[in-house]
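Two complexes come next, and they have one chain in common, chain A, joined by chain B in the first and chain C in the second.
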Partner chain A sequence: MNEFAHLVSRPSRQIDYQTFDNRLLAYVLRYEPSFLTCMSCGGCTATCSAGKLTDFNIRRIGLMLRRGQTDKLAAEIDKCMFCGKCSLVCPRDVNIRNVVLLIKKESTRLHAENQKV
Partner chain B sequence: MEKEQKHVAVIGAGIAGLHTANLLAQSGHKVTILEKEKYPGGHLNQWHHLFPDHSSPEWIISGLLDEQLQFDHLKMISSTEITSIEKNNGHFAINAGNELRIYADAVVISTGFKLFDARQKEEYGYGLFKNVITSADLEQSLKSGQPLTTASGKTPSRVAFIHCIGSRDAKCGNTYCSKVCCITGVKQALEISEMLPETEIFCFYMDLRLYGSKFDDLYLQAQKKHKIQFIRGRLSEAAETHDKRLQIKAEDTLSGRPLRMEVDMIVLLAGMEKNEAHQMFSSTKLLELDEHGFFKSKNIQLTRNETTQPGIFIAGTCICPMSVNETIENAGAASILVNRYLEHQQLTNHHE
Partner chain C sequence: MNEKLFVIPFVAGMALLFIILIVKGYKWISSLSKIDRLRLINALKSRRILQSAKDIFMECLIHRRIFKKNMVLGYMHMSLAFGWFLLIVVGHLEAFVAEKSLAVPFYLPIFFRFFETGKEFAGSKIFAALMDLLLLFVLSGVVLAWSKRFYKRLFGMRRTTRLQYGDQIAMTALWLIFPLRLLAESATAHQFNNGSFITQTAGSLFFNSNTASTLALPLWAAYSLALGSFFVALPYSRYMHIPTEMLFIIFKNAGIKLKKRTNSFTELAIYSCSRCGICLDNCQLNNAGIKNTQSVYVLKSIRNKNIDDEQLFNCLLCGKCQVDCPVGIDLTSLRITQRIESTLQYNASYAYLENQATTKAGLIYFAGCMTHLTPRIIQSMQHLFELAGEDYWFLDKEKAPCCGRPLMLAGQYDAAAKLIRNNTTQIIASGAKKLVVSCPICYKVFKEDYQLPGVEVLFHAEYILRLMNAGLLKTAPLQKRIIYHDPCELGRGSGMYEIPREVVKNSGQLIRIKNEQEHSLCCGGSLGNLKISQAERNLIRDSAINEYLSYQPEYLVTACPLCKKTFARNRNMVVMDLAELVLEASDEFIKRKKLKGNKVTNIRELETLIQS
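The block that comes next holds the complex of A and B.
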């Protein structure tokens, strides 16, 4: 039994900006610069077809992308049905559907090149 | 040297125009106010109570009108719409609908704002569902003195306020913040809660912009005393149920989950837009408009009330969205700049 549980190293819960993985973010912004203007109002999530049935949260996808938390992103966007309603309600006129498409494209490419996503 | 009396035309008899006109008349200038409606007072005539003190706007309008009576050289012409303004040799000729032509040494534009037409946000159902109303409709209902009811006459058990209607919304072309709607919503929520203590009230917001003095006091009061609930999330749509209630969809962004709620009534907090009158001034290249269609100031820091055309001044919400007290302050500032301009004109004319 380990009496010094506090010494056991656990994965940190902190968002580490030092190790920020911005590869996906940079790619998305290059082709969909409107993504910069998201203010996390959640209108997209409210209307999301996939979010009604699964734990998919389209607003969070954007947030994870912007915070460099890209490890679970590729699996997450597989839940998107590309209905495009998110783009229709967005008050900042972000083409959210395209953001998801770009994440999918770039993460697939990175996978194909055996790079860690 | 005897001072020659100058003539100022003030366009629009809302509170900005009335206050500017009074101050200019007090400085000895001859003033003519032109108002397109039958009665002065503008939007405030339809408003019940003001934030943050829940005072009635009636005494502001009547106070300004009473003050007018002491000036023989101040005149108001109502039911008169301007068709054009020309500038010749530093003076202005104003043409109005009924063959009226007025000459002035300076012009103050105080044409105010237009309330955003909430029907443009079709997904929220204004004009389609009877229990979706705007903040302006609610003021009229409160002003009537009748208890608030749904379209079928029932006391609403749950009311939702929706922030940012026609503001901060690229989909309707208004990317700016109308800034007074947040506090209007909190004020109205408090008033409904006072009137109907059993009614549950929710405010759906993106950011709460309670920027003014004492605005946060109302927010605190709304939370503490009235248990009004604030949910951070923008509505995606509202739909009518078979029993004429409304189902709304939003994301509770702080929980990160989609949210459904049935309410009896929705109040849309409509924003402020440019007045259509602005187009007339810009089409003749007399004045420049800013990127949102409001009048452009000569300098946004120092001379907010000066337009890009010397001799034409602006006051109130034709510059940008403003609260009532800001409008009054702004009108005061406008009168100072007009005075300075006319004094300078007097000096140069004298030396010529």
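The block that comes next holds the complex of A and C.
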């Protein structure tokens, strides 16, 4: 019976809004409001140059950002090569390249801030 | 009270200015790197100092580059700069002759008419007439400067720079100096008859003997005050460019260049900006309603130390602004240097990059990320390689890192270096002698930042032209009117204008347009801009398309996949890449030879078919 995957218990995937860290998301939305229109279609991931070389998934970056998984995000975003194909194929005209730049900038700052504390 | 005291504002202002200039100049020169300092010393010793002197005369006094842009604007700058310079020189000569000595108080030539009332000396009448003439010359510039505030069009400008307080104070002082000088000299001339055709006439026009004697001293004092306030405001205003530009020219002629990090030369370049606003009209961001990120405002923000990413990264890096910059500042490099400084904290490591399998080949084709979004270009290039019978390896057919240029445009040079190292290893390992790229963004970085000994980097236009010249690719010119759009990275970025045009001429009817080559338009799709929205990009693109449509072309041909992709979103124009055009012209050639229906895969088969 325990060979069925759906029966294996996984760590909880619920988002706890008491501890939800939305600083990064708020920062990105402030400077790149077009991110709000993202519908997670995955077009960006399909074309991504970095995604062909590694398991980098730009669509998942958007999900992590919305879930406030800042630490995981900072490590993941480093794989992006900035070529800009994602912005060009985006059907909602999200300026994804700027989203990546903003994430890099703010997560570096947040990381330094957390270190101080 | 000693009436001579009125010179104090001038003397104090001058002294303060000198102290500030000496401190700044010392700081700039002393913080140069060792090698740059050697360059500077060598340049001062060699003949290049004469070149610098000539450049300083032509640019700082005559304003040759502004004359090229617009005659009236050039005259305004020349009359103010060169006229004032001559006033100082001739004024000093006059004082030396009058005093028969070189040791005159340094304020004497400035207020000469006040101190020398009615003294006759050798050529005094000629000097007086000459000084009046020069004053008239400068005043004509001042009048033009006033009218420029109301009627920019006369000066060939649609926009002028929004000024900050320091600029406004200094500008008001500058505008007042010469009219006050005229009034003061006229009043004295009316009293003592020591003027000439301008001052004497103005004296009898504005004053009677009563007002002349009461107003003379206050007017001279006002003139002194205007001079003093101009000198005090100068280091905090755009007029700092007057002393800085001279040093900038000497540094530039010594071979000192902008580095990847800010240094004293960067600061010198920033202070040399005169905020003339000539870059404003060239900027296509105006078409998208973006009005605060142009080069002049970015330089201003850097100087005021309040630059932010929103301003810094909102620029297409098309390089149009620096084409007409009268100071000759490398505005694109300067902005990229600032971007490097702004992103130093987060350069990625790309630890996942590993050496992929390489294929031995004589020629490598690197399509680049952008070409992968325009499959027609890839197909055309592959077709061309087959026609030419090349033994080639398509390096990034399945997967390969980016060339690194997009990272560089975003300022992340350290990260780009990792990609460059990885790609270099791959290219060298394949043993190829040629590297063909079909994207100008890749071309620029391969040409400038890769160390590829024994490998020739070719842009596809160069490669195609070689095939044509070698007779390996035969084309028949199409009966189509074609506009060639210069991609920014290829034209202004790498200086390649004529080669693609040659290719187009062999394949169709090339029409020449107004804004081409150095002044060519940007498509609006540039990877240099990280902040612009798609809607704003569309506005820039459409304004470019509308300009092209006025020439009624049938094809818009470009040599950049990104330009093609950007333009293709507008449905009013048939857009294609050079490679596609060439293949169409090659098909036309075959058709004309009545060879349609015969399957031709390479040039040798084609030749036998033509012969049979």
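As a working rule, the second predicted complex is superposed on the first by the 100 of 117 C-alpha atoms of A that agree within 3 Å, B and C clash if a C-alpha of one lies under 4 Å from a C-alpha of the other, contacts with A are read in each partner's own complex, and residues count from 1 in each chain.
Following the convention adopted for this analysis, a residue touches a chain if its C-beta (ideal position, glycine included) is under 8 Å from a C-beta of that chain, and two chains touch if they have at least 3 such contacts.
Please read these numbers as outputs of a predicted model, since none were measured by experiment.
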Report task. Determine, for the superposed model, which of the two partners chain B and chain C contacts more residues of chain A. Result -> C
Report task. Quick one: classify A:75 as touching chain B (first), chain C (second), both or neither. Result -> neither
Query raised in the report: Which partner does A:52 contact after superposing on A: first (chain B), second (chain C), both, neither?
Result: both
Report task. Mind working out whether A:108 is in touch with chain B, chain C, both or neither, as first, second, both or neither? Result -> second
Requested in this report: In the overlay, answer first, second, both or neither for which of chain B and chain C A:93 touches.
Outcome: both
Report task. For A:60, select first, second, both or neither according to whether it touches chain B, chain C, the two together, or no partner. Result -> first
Query raised in the report: With the two structures laid over each other on chain A, which partner does A:39 touch: chain B (first), chain C (second), both, or neither?
Result: first
Report summary line: chain A residues contacting chain B in one complex and chain C in the other 47, 52, 85, 89, 93
Report task. Name, in rising order, each residue of chain A that touches chain B in their complex. Result -> 39-48, 51-52, 57, 59-60, 85, 89-93
Query raised in the report: Okay, in this complex, where on chain A does chain C touch?
Result: 31, 34, 47, 49-50, 52-54, 78-85, 88-89, 93, 95, 97-98, 101, 104-105, 107-108
Report summary line: chain C contacts chain A in the complex at 309-310, 313, 343, 345-346, 348-350, 352-353, 369-370, 372-373, 398-402, 406-407, 410, 412, 415, 419, 525, 527, 530-535, 562, 565
Report summary line: Listed in rising order, chain B residues that touch chain A in their complex are 123, 164, 168-171, 206-207, 232-237, 249-253, 256-259
